[in-house]
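Across the two complexes that follow, chain A remains constant while its partner is chain B and subsequently chain C.
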Partner chain A sequence: MHFLELSQVNFHYPKQEKLALDNINLEIEQKSITAVIGPNGSGKTTLSKVMIGVFPATGGKILLQGDPVSELSLAEIGRSIGYVFQNPDLQLFCGTVAEEIGFGLINRGCEPDRVKEKVDFYLDYFQLAEYRNAFPLHLSQGEKQRVAIASVLAAEPEFLILDEPTIGLDTYRKKILEGYLQKIACSGRGMVLISHDMSFVNRLADRVIQMENGHIVDDGDWKGNNGYDA
Partner chain B sequence: MDAVTVKDLSYQYWSEGPWVLKNINFQVARGEMLVITGLSGCGKSTLCYCLSGIAGHRRDGVMQGQVLVNGKDVQELRAASLALEAGMVFQDPDTQLFSSSVEDEIAFGPENICLPPGDIRARVDNVLDLLGISSLMEANPYHLSGGEKHLVALAAVLALDPPVLILDEVMSRLDKQGVQRVADVLKRLRAAGKTIIAVEHRLETVTFADQLMVLAKGTLARLGPIETILADQEFLAAQHLTD
Partner chain C sequence: MTLDPRTKMVIVICLSTLALIYNTPERLLQLLIVTVLLLLLFRIDIRSVWVYLKRFLQLMLVVFIIQCFFTRGGEVLLSLGSVELISSQGFLTGASLVLRIIVVISAALILTTFSSRDFILGLVQWKVPYELAFMVTIAMRFLPLFRDEFVNVVTAVQLRGVELKQVSWGKKIELFRCLLFPVVFGALLKAQQLAVAMESRGFRAYPRRTYLRRLDFILVDYAVMLIFVTVTIILIVY
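So, the complex of A and B:
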């Protein structure tokens, strides 16, 4: 059984005739790092939002670990897949950075001591400790991005989807993120990375899917440097 | 006269808060392109807000020193006048877009300076063509991808034709073709005499700029010709700016 399976999936936005996703057939395994690349407006973000049921597919079938996504609640999907939005402003809502990172853990019934331990770890790892009590929306874009990523990672979902996670990140913090994503991939938790940052994609992905005009036009398996044009 | 002059600039977002910028001094000549880089949280966007006059008009903010754009003190100009001197594209295009169509978004500025309808039409068509987004003219900006939204925000600023452009990571969401197109547009605008100040992390996309400024924790760590600083690998490594 594949972790995610999309069969003949179509999607169009309300009041628009043009298909944003056109006959997508795709299987994704839990232990892989799959990158989705393609020009602006080719359907990368739409594909990821359809995968997690935020946008209901207008045609076709999506199975998450064998269950139709259309029959699962967003909370059920969210327990399996952690999603980092392209714009962290859409994701941050707590009064402090520490609360933001701990929110998912508390809502999964994690013991307070364990929540504190994990929050401290992620604050340190993503160099956010000095902002522990800061209001997340007062931070810089790169810092907000790191808080959003840390919040999703802290909940330790089985699978991750990260939409343009390197936007706003400096080179140094990008390397820190790369290292962590490699580590969790080694522990068997895979991910879909949507990115224009080809040096990031080439270093991390073992499969690269290329989209154009709502279609998948290339799907390649390589390990290491994929040689995609940066 | 320099297009932008910054003297002893310091800034805090509220009076008890930390100084986000500390005693910054620099000038940018007319027709020059300056790139600002540095680690996240070092003050790059705040410096953009100071240059575009936004920071100086915040009720809670404390701005010390002086920012002159085309010889005019940004703290003494009204927002509407400032937009004609320095146009800013924000890091997050969602904070900038508000119209229900791309065409309306771009026409908003020219309409508000009361240009004749024919001139507004020409400006809208020109910037759409310049940025290669004519096909998006009727689209709702909120239905576009992140990269497309950034191009629309840039188009809306270019339609006002300000002499100084302040671009906060405008290439970060663009695909390879988009980056190349924007780079070409920036070169053309600079050749036409525009002054460009651009924040970027991916310095390989802006090697054609004239000057590079590296900020570190709110202070100016280095400012000089971009090729000189990019050649100084030791300095870049110390600043954690190497790939």
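So, the complex of A and C:
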């Protein structure tokens, strides 16, 4: 059984006739690192949102560990898949950075000591300790991105989908993120990376899917630049 | 029907004023029929009215139930032993409030038959300061964006594993405080950024604005406005 399975998936936005995703067939394994690349407007983010049920597919079937995504609540999907939005402003909603990172853990019933331990770890790892009590939306774009990633990783989901995770990060912080994602991959948890950062994709992904106009135009092992110039 | 945007604004004001003044279901139902006929006349798809009304269904239901249970008078329609639960007066008040909401929302849809540019132009030609007219348009344009932002935050919370339908009321209130935070902050931030963007593009650089286009009343506009204003005044007085 595949972790995620999409068969003949179509999607169009309300009041639009053009398909944003057209006949997508895809199987994703839990332990793989899959990158989705493609020009702006090719359907990468739409695909990721359809995968996790934020946008209900207008046609076809999506299975998450064998269960139809359409029959699962967002919370159930969120417990299996951690999703980092392209725009961190959309996913930061707590009063402080520490609360933001601990939010998922508290809501899953983690003991306060365990929550504190994990929050401290992620604050240190992503160099956010000095912002522990800061209001997340007051931070810079790069800092917000780090908080968003840390708050999703802290909940230790089985699988991750990261939409443009390197946006706003400097080279040093990109390396830190890369190191952490590699550590996650080594622990048997896979991910889907949506990115224009080809060197980041090159170093991490073992499978690259290229999209154009809502279609998958290439799907294979990463062997360097396959013509798409980000 | 092609009417000047200002004439349509007058129609909406008349319908909304009557909806606020009338307080019997019969009168409000008559007003709703007139509103629906006007919507058809303006070629507004009635199904789109339902799409807008659907969003207010919960609010209407809550208003109706509260009125049913807390307004006393008339015959007792439902009682539990000696405790009077729903009275005929409560039922009628609830029905009136629901009809009032429906009329106001339906009438407001007439404003969607012209562009925001025409809306500003109409207000400015009525001597409303341009800044004020622009602010009203911006507010109208940003409302759906705030709704989308709220939906995004709710989605983000759920994706962190929170089953909103299953959490207790106490927890729900705490969560909604969380949800309002980014939306209010985002609104303030957007307003600030918008102000900077507008000023950098020369907004209010000159005290007087000129317009390429002008809205001109024709005879039909005067006639329609006169009829609506007169009828509204008569209905209010009598």
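The working rule: the second predicted complex is superposed on the first by the 221 of 230 C-alpha atoms of A that agree within 3 Å, B and C clash if a C-alpha of one lies under 4 Å from a C-alpha of the other, contacts with A are read in each partner's own complex, and residues count from 1 in each chain.
Definition applied: a residue touches a chain if its C-beta (ideal position, glycine included) is under 8 Å from a C-beta of that chain, and two chains touch if they have at least 3 such contacts.
All of these numbers come straight from a predicted model, not from anything done at the bench.
Asks: Given the touch rule stated above, what does A:39 touch, chain B (first), chain C (second), both, or neither?
Replies: In the superposition, A:39 contacts chain B only.
Asks: On the A-aligned overlay, A:63 touches which partner chain: chain B = first, chain C = second, or both, or neither?
Replies: It touches nothing on chain B or chain C.
Asks: Report for A:89: first if it touches chain B alone, second if chain C alone, otherwise both or neither.
Replies: After superposition on chain A, A:89 lies in contact with both partners, chain B and chain C.
Asks: First (chain B), second (chain C), both or neither: which does A:108 touch?
Replies: A:108: touches chain C, not chain B.
Asks: Applying the document's definition of touch, where does A:184 land relative to chain B and chain C: first, second, both, or neither?
Replies: In the superposition, A:184 touches no partner, neither chain B nor chain C.
Asks: If you stack the two complexes on chain A, which partner ends up touching A:134: first (chain B), second (chain C), both, or neither?
Replies: neither
Asks: In the overlaid three-chain picture, which partner chain does A:173 touch, first (chain B) or second (chain C), both, or neither?
Replies: first
Asks: Where on chain A do the contacts from chain B and from chain C line up?
Replies: After superposing on chain A, chain A residues 89 contact both chain B and chain C.
Asks: Which residues, counting only chain B, touch chain A once they are in their complex?
Replies: My answer: residues 13, 37-41, 44-45, 91-92, 94, 143-148, 151, 169, 172-178, 201-202, 240-243.
Asks: Going by the contact rule at the top, pick out the chain A residues touching chain B in the complex.
Replies: Residues 13, 16, 38-42, 44-45, 86-87, 89, 138-143, 145-146, 164, 167-173, 196-199, 229-230 of chain A touch chain B in their complex.
Asks: Residues of chain C touching chain A in their complex?
Replies: Touching chain A from chain C are residues 149, 152-153, 155-165, 178-179, 181-182, 185-186, 189.
Asks: Can you list the chain A residues touching chain C in their complex?
Replies: Residues in contact with chain C: 52, 54, 73-79, 81-83, 85, 89-95, 103-104, 107-108, 135, 137, 151-152, 155.
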